[in-house]
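Next come two complexes built around chain A: one with chain B, the other with chain C.
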Partner chain A sequence: MTARQIAPWIAGAALIAVPFVHRDAYHLHILILILIWAFAYTSWSMMGRFGLVSLGHGGFMGVGAYVTALLWNHLGVSPWLGIPLAMLAAAVLAVIVAYPCFRFRITGHYFVLVTLALSGIVLQVITATRNYTGGSLGYTPDRTRGSQLWALQFDDKAVWYLIALGIWAAGLLVWRWVDRSMDRYALEAISEDEDAAAAAGVNVTWEKLKITVISALMTALAGALYCQYQMFISPDTVSGIAISLQMVFAVIVGGLYVMLGPTVGAIITIMLAEVLRIGFGTKAVGWDNLVYGVLLVVFIIFLPKGILGSILDRLKTRRETRAPAILAGEPKQSTAVRAEVAR
Partner chain B sequence: MLVVEGLVKRFGGFKAVNNVSFKVARGEILGLIGPNGSGKSTIFNMLSGTFPPTAGSIKFEGEEIAGLPPHRIINRGIGRTFQIPRPFHRLTIFENVALAGYFGQGRLSRANAEEAAERALAMVGLPTDRRASVEGLGAAGLKKLELAKALATAPKLLLADESLGGLDDNEMEQAADMLRRIRDELGITIIWVEHIMGVLMRVVDRVMVLDHGEKISEGLPAEVSSDPRVIEVYLGTDANAVQAAVARARG
Partner chain C sequence: MLEHFDIFLLEAVINGILLGGLLALLALGLNLIFGVIDVTWICYAELVMIGMYGMYFLVQYYGLPYYAAAPLAILIVAVLGALLHLLVIAPLLNAAPINQLLATGGVLFVLQSFATVAFGIDFRNLGIRLPVLQFADMHLSYSRLLAFGVALIGMLLVYLFMTRTFLGTAIRAIAQDRQIMPLMGVDAGRIYLITSALGGALAGLAACLLVLQYDVHPFVGLSFGPITFIICVLGGLGNFVGGFVAAFLFAQIISLGGLYSDLEWGYVLAFAFFIVMMFIRPAGLLARRS
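This part shows the complex of A and B:
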């Protein structure tokens, strides 16, 4: 085995070992948040990397969190069943919104706007049904006494860390599975030129719908996971437009076209939020959003491949021994624009 | 093999194609010519499913295909190239063609797609190296890639929107020979769209001429190029030169 093949196993073993050697609750808490959000960002980039920029993922995450919690509190449905149902609900919502878009070729900015509306609608529904959801005050799943497996509630942070780690790793595997499939070729082709992709035999609507549903399912799972861990959800923390924007920001900063880019984005955003919170306390509420905004502009202009994407690029050109197959799928905006003009 | 009847396409009040009927026999190369805006590409787009016809029927191997989505039509065996090459820059040359091989043949298997890609690339004379990038290709190379993509879908009928503009004389001849070889060696029926008459006349079995969305002439190359209507609306003052070229080409 080469170093390249061994490295993921060593990293994986090290990550699993963390809670057994280091039991600091605060540090574990930060790590859990990073893993959950890294998974959410990875879910977003499943479709984002193919030019399907969605501002509706806050909506999917909210559905994942709220449906799980509502089923538990009102009907006593265990999260083990509630989470799949919540994911299913998000998938149905994704199909309802995305299918007409893809069928009638609402692409680019128009698609972004439609998904933005989705975020807004989910937010409105949560606040409008405040008798059930607690509205903007937030919502708490009923606590069981102590850790309960069937209720998916655990007092020990180490358990949560391992759960989050497993789901995050599963997210990376899904990313890689898509990356190595022929569907990636199809989606790259679609992102450049839908007509030419169709002329190569690709069912454009179906391919886009598939990746959107996968992305929505994963995002809903992230929302449910966040809900079960934090035991408190509010539109500000798991749903709405702010969360959607945060996903876009984190992924662009980390690197949209590489597997670990969204994870790097999660590390940066959560560290940033923590630093601001500890350094400035309540005086800095909302500052992280301001910093996000400024950084987003800077990154889009100067580092469109994100931090990890750019670093890997730099390493690659330095080695220059391997062909550019490793990082397939780099932004070639100029050529895409040219194709647009030619049409 | 292909029977088109009463094909009409309206864009708003404009009739891009007006009541066009024609047949293509298996193993034939049909040339489709006409000045810019005569409806050639519109006919292609309807045959390949890019958009549905306003009226009329398209029967391929006895079955109606008018209005089917593009991927269905390709899976039935009609491949196409675009007038302006439309490669996927995010993919390598090989991936471009393998993509068409995989999806164009109805997702048979990855191995099958890669095999089809290798054969198609070899046929058109592009490198089968899996890492070669699209960026290095010139105008002629991009046209070859376009053709390889269409061939990888294993078509029975190839719609070649070949417009040889942008190629020099030598490249034009090569492109024309390529189409003939595709027919002779792979047994693929071809409809070839072009607006330059010269090279096309040498290769095709029959020609159909369009003007303002209507078919104005159809027949053997020699007949068509001496048809007064064709000379009047399409060839204009260059008619003599073209006839001479045809005569030369035919020996």
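This part shows the complex of A and C:
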């Protein structure tokens, strides 16, 4: 085994060991939040990386959280059954909106705005049905006494850490699975040129629908997980346009096209919010978003591939320029010639 | 009983029309930017919010009368629009459309949190109470009528500017063909800047009218921003007449939906209508089938 193959196993073992070594509740809480949001951001980039920019993921997350909590409170359905049902509901919603979109070739700006309407609808429905969902005041799943496996409620943060870690790792595995499948090539072709891809025999509608449903299922799971961990949800924290934009923002900062990019985005954004919150106290209200916004604009203008993406790119080009340097001896001339040919 | 009900219905219809005028004004500015520069300002409603704060401070703190404060507020937002173009859009003119969209999303965060930091999260209002018009058992607020009238006049002025002046003709020409017009001696960068300022001025005008009816707070943009985009898309991005028709249609759905149930259901209905319409007429209400 090479170092490249061993590294993920060592990193995984180290991550699993964290709660047994370091039991500080606050640090674990931050880590859990990072893992849950990293999973949500990874879910968004499943389709975002293929040019399918959705602002409807706030809606999927809201459905995941609220369906789970409502089933538990009103019908006493255990989250073990409630979460799959919530994911199913999000998937159905995704198909209802996305199928006609893809069938009628609604792309680019128009796709963004249709999905924006979707998160608007979910937010308004949650607010309008305030007799059941508590409206904008938020909603709390009924607590059991102590930790209960069937209610998916645990007092111990270490348990939550391990659950979040497992789900996050599963999200990365799904990414890898898509990355290595034929669908990836089909979707990349679609994002370059839909008509050309269709002419080459790619079933455009079906491929896009598949990745959208996978992404919606994962996002709903992230919402349900957030709900079970925080035990409090409100339309503003799990649904709506603000959450959708937050997902896009974190992914852009971290790096959209690389597997760990969304995770890096989650680490940066959550750490930034926490540092500002501790540094400024209650005066920090608004400051974190101000810094976010400026960073987002700066990143899109100067580093569209995100932090991790740009670092990996730089490493790659350095490796590539070093290799011909050994072979040809004159790297500068060869790149100049290449540029000339390209021109 | 039936007569009574009809009065409510009529009132809702009229209020819908009045709301429609305001929404049409909002949509016009956004449509202008999209039609000419081919960029969607996600932060458009936040520019309106800043304009509303401008009005609030000019009137409440500096004691200016409403009619003196309004041109100043419009000017402030117009400058903001031009700055937005220079600082954010101009470097991204050749980037992917999605990147432009997301960059203005970042500006949305900046403006919203700037307002939170600078002005706090309190709801503020102008303190001007305009009378309510009573007409045959219907209550129509004077401020809505005023907003409707000014919005219509504003739209008419923009129409005349676009069709009757040299600059307006140049703007329309750039919108039609981005490659050829620079060869004809039109400075595209300057036209984009003027258009951005004009779009900002329209946002400022909308702010002056909205501040009469609604309280200002940093998140006020979120309550009508999404509706504005949806109206523009419904009418066809860049299609002025389509946006105008869509605004009135949308306002009627919200107003009538709100009559039969909660206001939120009016919005849900309107959003759902939008999604259905996207599948029937993806290129906008008035688009010709190709």
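Throughout what follows, the second predicted complex is superposed on the first by the 320 of 343 C-alpha atoms of A that agree within 3 Å, B and C clash if a C-alpha of one lies under 4 Å from a C-alpha of the other, contacts with A are read in each partner's own complex, and residues count from 1 in each chain.
Assume a residue touches a chain if its C-beta (ideal position, glycine included) is under 8 Å from a C-beta of that chain, and two chains touch if they have at least 3 such contacts.
Small disclaimer: the values here were computed from a predicted structure and weren't measured.
> First (chain B), second (chain C), both or neither: which does A:100 touch?
A:100 sits against chain C, while chain B stays out of touch.
> By residue count, is chain A touched more by chain B or by chain C?
Here the partner covering more residues of chain A is C.
> Is A:182 in contact with chain B, with chain C, with both, or with neither (first, second, both, neither)?
first
> Can A:286 be said to touch chain B (first), chain C (second), both, or neither?
second
> Touching A:278 in the superposition: chain B (first), chain C (second), both, neither?
Touch status of A:278: no partner.
> Going by the contact rule set out at the top, does A:3 touch chain B (first), chain C (second), both, or neither?
neither
> Check whether A:21 is in contact with chain B, with chain C, with both or with neither, and answer first, second, both or neither.
It touches nothing on chain B or chain C.
> A:203 contacts which: chain B (first), chain C (second), both, neither?
first
> Once the shared chain is lined up, is A:191 touching chain B (first), chain C (second), both, or neither of them?
first
> Which positions of chain B touch chain A when the two form their complex?
48-50, 69-71, 74-75, 80, 82, 84, 86-92, 95-96, 98-100, 102-107, 110, 113, 130-131, 133, 149-150, 153
> Under the touch definition given earlier, write down the residues of chain C that touch chain A in their complex.
Of all residues in chain C, those touching chain A are 40, 88, 91-92, 95, 97-99, 101-103, 105-117, 121, 218, 222, 226, 229-230, 233, 237, 262, 264-265, 267-268, 271-272, 274-275, 278-279, 282.
> Given the complex with chain C, which residues does chain A contribute to the contact?
The touching residues are 51, 53, 97, 100-101, 104-106, 108-110, 112-114, 116-118, 120-121, 124-125, 127-128, 241-242, 245, 248-249, 252, 285-290, 292-297, 300-301, 304.
> How about chain A: which of its residues touch chain B in the complex?
It comes out as residues 182, 185-186, 188-189, 191-193, 195-204, 323-325, 328-330, 332, 335-336, 339, 342.
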